[in-house]
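What follows is a set of structures for review.
Shared between the two complexes below is subunit A, which pairs with subunit B and subunit C, respectively.
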Partner chain A sequence: MMKRLTPWILVGPASLLVLAFLILPVGATLVETFADPKGWLAPYAAFFNSGFRRTVLYRTIEVSLITTILSVILGFIAAYVVAQMPARWKSIMIIAAVFPLLTGVVVRSFAWLILLGKNGILNNLLLSLGAISEPLTMLYTKGAVIAAMVYLFVPLMILTLAGVLEGIPKDVTEAASSLGAPPFAVFRQVILPLAMPGLIVGAVLVFTGSFTSYATPQLLGGESQMMMGTFLYQRAMVTFDWTGASTVAAIMVVVTITIVVLMTRLARRMNPMAA
Partner chain B sequence: MRTTLHPALLMIASLIFAILIAPLFIILGASVSDTSYLTFPPQGFTLQWYSNIFEITAFRTTAITSLQIAFFGTFLALLIGIPAAYALNRFRVRLPSFLSNVFVLPILVPEIVLGFSLMKSITIGLDLPVYTTLLMGHTLLVLPYAVRVVGASLASFDFSVEEAAISLGCPPLKAFLTVVLPNISAGVIAAFILAFITSVNDVSISLFLTGPGVSTLPIQILAHMEQFFDPTIASVSVLLMLLTVGVMAIVEATLGLTFLTK
Partner chain C sequence: MTVSLTLDNVTAHYGSTQVLQDLSLAIAAGELVSLLGASGCGKTTTLRLVAGFLEPTSGSIRLGDRDLTRMPAHQRDIGLVFQNYALFPHLSVRDNVAFGLKQRGLGSVERKAKADTMLERVGLSAFAERMPAALSGGQKQRVALARALVIEPPLLMFDEPLSNLDAKLRVDMRVEIRRLQRANGTTSLYVTHDQEEAFSISDRVAIMNAGRIMQLDRPEVLYQRPANSFVARFVGFENLIDMTVTERNGASVKATTPAGASVFLSQDVFGAIPDRFVLAARPDGLAVTRSEDGIPVTLGIRTYLGRAYQYQCMAQSGTYLGNGPLTEPLEPGTAASLVPVPEQCCILPSDA
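== the complex of A and B ==
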C-alpha cells in the first residue's frame, strides 16, 4: 500500500503548490472575465471596442514581432561565429553573452536610459559630430523600447542557438561543400534546416518574453508607448479596474499559450534529424 | 561544424558582442560621475553615490528582503522540487504523463499575470501576509528550475545503483541521500544558482506583491527611478552586477560556463 503511494507523496507538495498558488488564482482571473455581470464576453467587447486598448494590443504585437526578428538575426550571426571559434575565444564570447543574461532586466533597461536620454551618450555623440544641432527625443519612443528589448533578448538567442549549431555534425556541412555547394547554399540548405527547431524555440521565448514584459516598456516607453504589461499594471494598481486588468491578463495568457503550443509542435515536426 | 568564417561575419559578430557588454561599462562609468544627474563619460570622480545607497534605508531593507526571498524561495523549491523530479524519473510509468507538464506552467503563464492573480486571490482574497505571498510567488517562479534541471541530471542516473543499495539493506531515504544525491549534485547546484539569480532579478511577480514595509530591490529601484535621475541607481546597478560576477564565478568553478549553452 505504502509502496503504491510513494510516487504520489513525492510529487504531492510541488503539485499542491502549483495548484493552490497558480492554477486556482490564475484560473480565477480567467473565469472572472467570463462571468461579468454586464454579460458574457462584455469585458472583451469593452476591450476591443476601445481604440486605445486596441492600439496597446497592436503596439505590443508589433514591438514583440520586430524584437523577435531582430533578435533571431543578430543572435544567429553571433551564435554562428561562436560555434566556429577556437575554444579560448568561444569562452570569452559566451561570458559576454551570459553576463548580460544573468544581470537583471531593470539594470539592463536602465543602461538604455543613460544611452538614449537627452544628456545621453548617443545625443552627446551626435551633437559633437555635428550631425544634429539639438538633442533628439529618443526616450519614450517605440524605437527605444525595441532597442532595449533586442538588447535584452539577443544573449538568450545566442546561447540557445550556439548549443544547436555546435550540435550540427561537421561531416554534414563538409559533405555539402565537398560535393560543390557554395557557402550560402550550405547555410540555406543544410545549416538553417538543422537549426530551425532550436531557432523556433528561441524565437518563441523572445516573442512571449516581449509580449508580457513590464520593466522595459515601463522605463523606456512610459505612458506614451504603453504595452500589455504596463497597461495591465495601470488598470490594476492605478485605476483599480480589476475586470479590465483581468481581461488584459486573459488575452496575454491565451496569446502566449497558443503560440508556445503551436510553435513547439511545429519545431518538433521540422526536426530533420528525428526520424 | 566548422567552416571558414567570412571576415564581414566576424566583424558583425564582434560588434554584437561589444554592444552587449558596453552598456554595462557605461553604468559603471556613470556611477562615479561627480554630477547630480546621470551622464557618461563621467565628469570628475566620486564614490558618494555608493555611500548614498547606504543612507537610503529603503535600499537596505529591500535588498535584505530580496536576498531572503531568493534564498528561502529557492530552498523551498528544491525541497519540494527534487522529490517531484525524482518521482517523475523513477516512477515514470506509475504517474500520469500530464504531471510533468504541470511543472512547466510557471514558465508558460506570464509572470505578470501570475503576480496579479496572486495579489487578487491570495493577498486580498485569503488575507495572507504580503511577505508570505511574495515568498510563495518566488517559490513557484523558480520551481521549474528545481524540477527540470535536477530532472535532467536524474534522467542520466542509473537507478539500478540505488536499487542495489536498497536490496543490500539500505533504507530508501538513506539510499537517496548517500547514493542518488551525490550523483545529481551538479544539477542541484545549477538549479540553485539559476533559481537564486532569477528570483533576485524578478520584477513582474514582485510588482503586485509589495506592501507596507515589504518590497524587493528591483521594485525599489524602479520606484526610485521615477522620482530621481541621479547616479545612485547606477551604483546600485553596479553592486547587482557584482552579484552576477560572483554567480558566474561559482558556475565556472562548479560546472563550467559552457553548461549554459546546453
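== the complex of A and C ==
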C-alpha cells in the first residue's frame, strides 16, 4: 500500500504548487474571457475586429518568426564552428557566447539604444565614413527590435546546438563522405537531421522567448512597434482592461502552442528519431 | 573491376608529431592485406590517409590508375567499415545501405532493389525497416558491411571492424567478411590489433611499429620466419637470446651467450649463420632437460599447459621460458639445461 502511494507523496508538493500558482490562475484568466456579459466570444471578436490589435498580433508573429529563423541560422553556424574546435578553445568560446546572458535583458536592450540612436555609435560611424549624409532612423523600428532580440537569443541557440552537434560522432560524417556524399550533402542528409532535436528545442525557446518578450520591444520598438507583450501590459496596467488583457494572454498561448506543434512536426519529418 | 592500391613513401604528421615515416605498401588487385600493430603504431593513420580524412605530408597514394593523394574523400569511391559501425541513426537499415547509391544518383526504385539484394546477402532482409538503434552489435556490423559493399567499391577498408563484438560473433563475422571479399574479389585493407584475426583473414599481413612496416608477408612466413626481433616478439617468440659464434666446424656452429653458455646449431637447418645473431625461440623451441649440454639454468615457476610443462628458467644471461615433457615434472630450484629445438627456432640479425 505504502509502496503504491510513495510516488504520489513525492510529486505531491510540486504538483500542488503548480496547481495553485499556475493552473488555477491561468484557468481563471481564460475562463474570464469566455464569461463576458456581451456574449461568450465577445472579447475575441473585439480583439480581431480591431485593425490595430490584429496588426499587433501579426507583427508579433512576424518579428518572432524572423528572430527565430535568424537565431537558428546564426546559432547553427556559430555552434558548428565551436563544435569543430579543439576542446580548450571550445570551452572558451562557449563561455564567450554565454557571457551576455549574465547581464539583464534591460541592460542589453539599452546597449542597442546607444548603438542605434540618432546620435548613436552606428550613425556617427556611418556619418564619419561618409556613407550617409544625415542620421538614419534606426530606433523604434521593427529592424531594431529584431536585431536586439536576435542578439538576445543567439547565445541560447548556440548553447543548445553546440551540445547536439558535438554529440554527432565524427565517424558518421566520415562514413557519409566515404560513401560519396560531398560536404553539402553530408550537412543536408546527416548533420542537419541529427541536429534536429537541438534545433527544435532552440527554436521553441527562441520563439516563445521573443513572442512573449516585453522589455526589448518596449525599449527599442516604442509605441509604433507595439508587440503582444507590451500591449498586454498596457491593457492590464494602463487601461485596467482585465478582460482585454486576458484575451491577449489566451491568444498568445494558442499561437505559441500552434507554432511549437508545427515546428515539432517539421522536425519529425526530417528525422524520425527527433522527439 | 579489381585494382591495386599503392602507397609510395608516405609520411604523415599530426601537428608536429610524425606518425608515419616513408611508408610504402602495395596491395595487389583482389588481395586482402592487414595492418597489424599496437595502438599508436600508425595503422589507423594509414587507413585514414587512404580514405582521405587525413593528408600526407609527402608521398603518394594510388588506386589503380587514379591518384588519391590529394583527392577529397567523397570522390575516392572506397567502401569503409568502421569500428563503431557509424550507421546513420536517423535512417532505416535499408536507407543506410542505400545512402551511397543515393549519392551516386540512382533512382529510388533501383536503390531499394539493390539495397534489398545486399541485405539478403548479409542475411538481414527481415530488418530492412528497422532503425539502427533496434539492432544488435553483430547486425549493425552486417549493415555497415552491406552499406560499404553495395556501392561496389574498387577498394574495401576495415577499421577494427570486429573489436566491439563478442568472441563467438567475431569468428563468424570474419569468415563472413572473408567470404564476401573473396566473392567480389575486392582489394581490401584491414586494420586490426588482433593477431589471430589478422592472420586468419589475410592474404598478407603488415606488422607495424612506430609508423613503419616491420615486415609484410604471408601469415605463415610471419609466424615461422620473422625477419627481426620486433616481429619475432610480436608473434610469440618470447625468448630472444644474443649469440656470438665461437667455433665453426663444417655445418656445425658453436654459439655462445654473453654469459658464456654454448649451444650447437646446424647450418643445414638454419642456413648461413652470421657471426653475431639473435636466437629466437618460442617456449616450445627451448627444451628443458637434465642433460649437461645447452644453457645451464635454474628452474623457477612451473605451469601446466596440457601438452607440456612450462618453466620459468633463470640463466646468467637472462630469464627464459622453456617447455619440458609431461613425463618428468621438475621442481622449482632444480638445475637444468635449455636446448634449442632447431625446427622451432629462428636466427635473426643482431639488433646491436
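In this text, the second predicted complex is superposed on the first by the 247 of 275 C-alpha atoms of A that agree within 3 Å, B and C clash if a C-alpha of one lies under 4 Å from a C-alpha of the other, contacts with A are read in each partner's own complex, and residues count from 1 in each chain.
Quick note on the criterion: contacts are C-beta pairs under 8 Å (C-beta built on N, C-alpha and C of every residue); 3 or more make two chains touch, one makes a residue touch a chain.
Predicted, not measured: the structure shown is a model, and the values here were computed from it.
Student: Could you classify subunit B and subunit C on subunit A, in the superposed arrangement, as clash or fit?
Tutor: By the criteria stated at the top, subunit C and subunit B fit after superposition, with no clash.
Student: Let me test your reading of the model: by the given contact rule, A:Tyr233 touches which partner, first (subunit B), second (subunit C), both or neither?
Tutor: first
Student: By the touch definition at the top of the document, which applies to A:Leu5: first (subunit B), second (subunit C), both, or neither?
Tutor: In the superposition, A:Leu5 touches no partner, neither subunit B nor subunit C.
Student: Regarding the shared-chain residue A:Pro193, is it in contact with subunit B (first), subunit C (second), both, or neither?
Tutor: After superposing on A, A:Pro193 lies in contact with subunit C but is clear of subunit B.
Student: May I ask you to name which of subunit B and subunit C touches more residues of subunit A?
Tutor: The partner with more contacted residues on subunit A is B.
Student: Roughly what angle, nearest 10 degrees, sits at the C-alpha centre of subunit A between those of subunit B and subunit C?
Tutor: So the C-alpha centres give an angle of 90 degrees.
Student: Tell me the contact category for A:Gly180 with respect to subunit B and subunit C: first, second, both or neither.
Tutor: second
Student: Considering only the touch criterion stated at the top, classify A:Pro169 as touching first (subunit B), second (subunit C), both, or neither.
Tutor: A:Pro169 contacts both subunit B and subunit C.
Student: According to the stated criteria, A:Ile132 is in contact with first (subunit B), second (subunit C), both, or neither; which is it?
Tutor: In the superposition, A:Ile132 contacts neither subunit B nor subunit C.
Student: Would you sort A:Val254 into first (subunit B), second (subunit C), both or neither based on which partner it touches?
Tutor: neither
Student: Can A:Leu266 be said to touch subunit B (first), subunit C (second), both, or neither?
Tutor: Neither: A:Leu266 stays clear of subunit B and subunit C.
Student: Working from the superposed arrangement, determine the closest approach of subunit B to subunit C, counting only CA atoms, in whole Å.
Tutor: 8
Student: Based on the A-chain superposition described above, do subunit B and subunit C contact any of the same residues on subunit A, and if so which?
Tutor: Of subunit A, residues 169, 172, 177, 183, 186 contact subunit B in one complex and subunit C in the other.
Student: Would you mind writing out the residues of subunit A in touch with subunit B in their complex?
Tutor: Residues 4, 6-8, 10-11, 13-15, 17-18, 21-26, 28-29, 74, 77-78, 80-84, 91, 93-108, 110-115, 117, 119-121, 151, 154-155, 159, 162-163, 165-166, 168-170, 172-173, 177, 183, 186, 191, 208, 211-215, 218-219, 229, 232-233, 236-237, 242, 245-246, 249, 252-253, 256-257, 260 of subunit A touch subunit B in their complex.
Student: Within their complex, state which residues of subunit A touch subunit C.
Tutor: Residues of subunit A touching subunit C: 169, 171-172, 174-183, 185-186, 189-190, 193-194, 196, 271-274.
Student: Can you tell me which positions in subunit B touch subunit A when the two form their complex?
Tutor: Within the complex, subunit B touches subunit A at residues 1-3, 5-6, 9-10, 12-13, 16-17, 19-21, 23-24, 26-27, 30, 37-40, 79-81, 83-84, 86-88, 90-91, 94-95, 99, 102-103, 105-106, 108-114, 116-122, 125, 136-137, 139-140, 143, 147, 197, 200-201, 203-204, 207-208, 218, 221-222, 225, 233-234, 237, 240-241, 244-245, 247-248, 257-258, 260-262.
Student: Which of the residues in subunit C end up touching subunit A in this complex?
Tutor: Interface residues on subunit C, with respect to subunit A: 51-53, 72-80, 82-84, 86-90, 99-100, 102-104, 131, 133, 147-148, 151.
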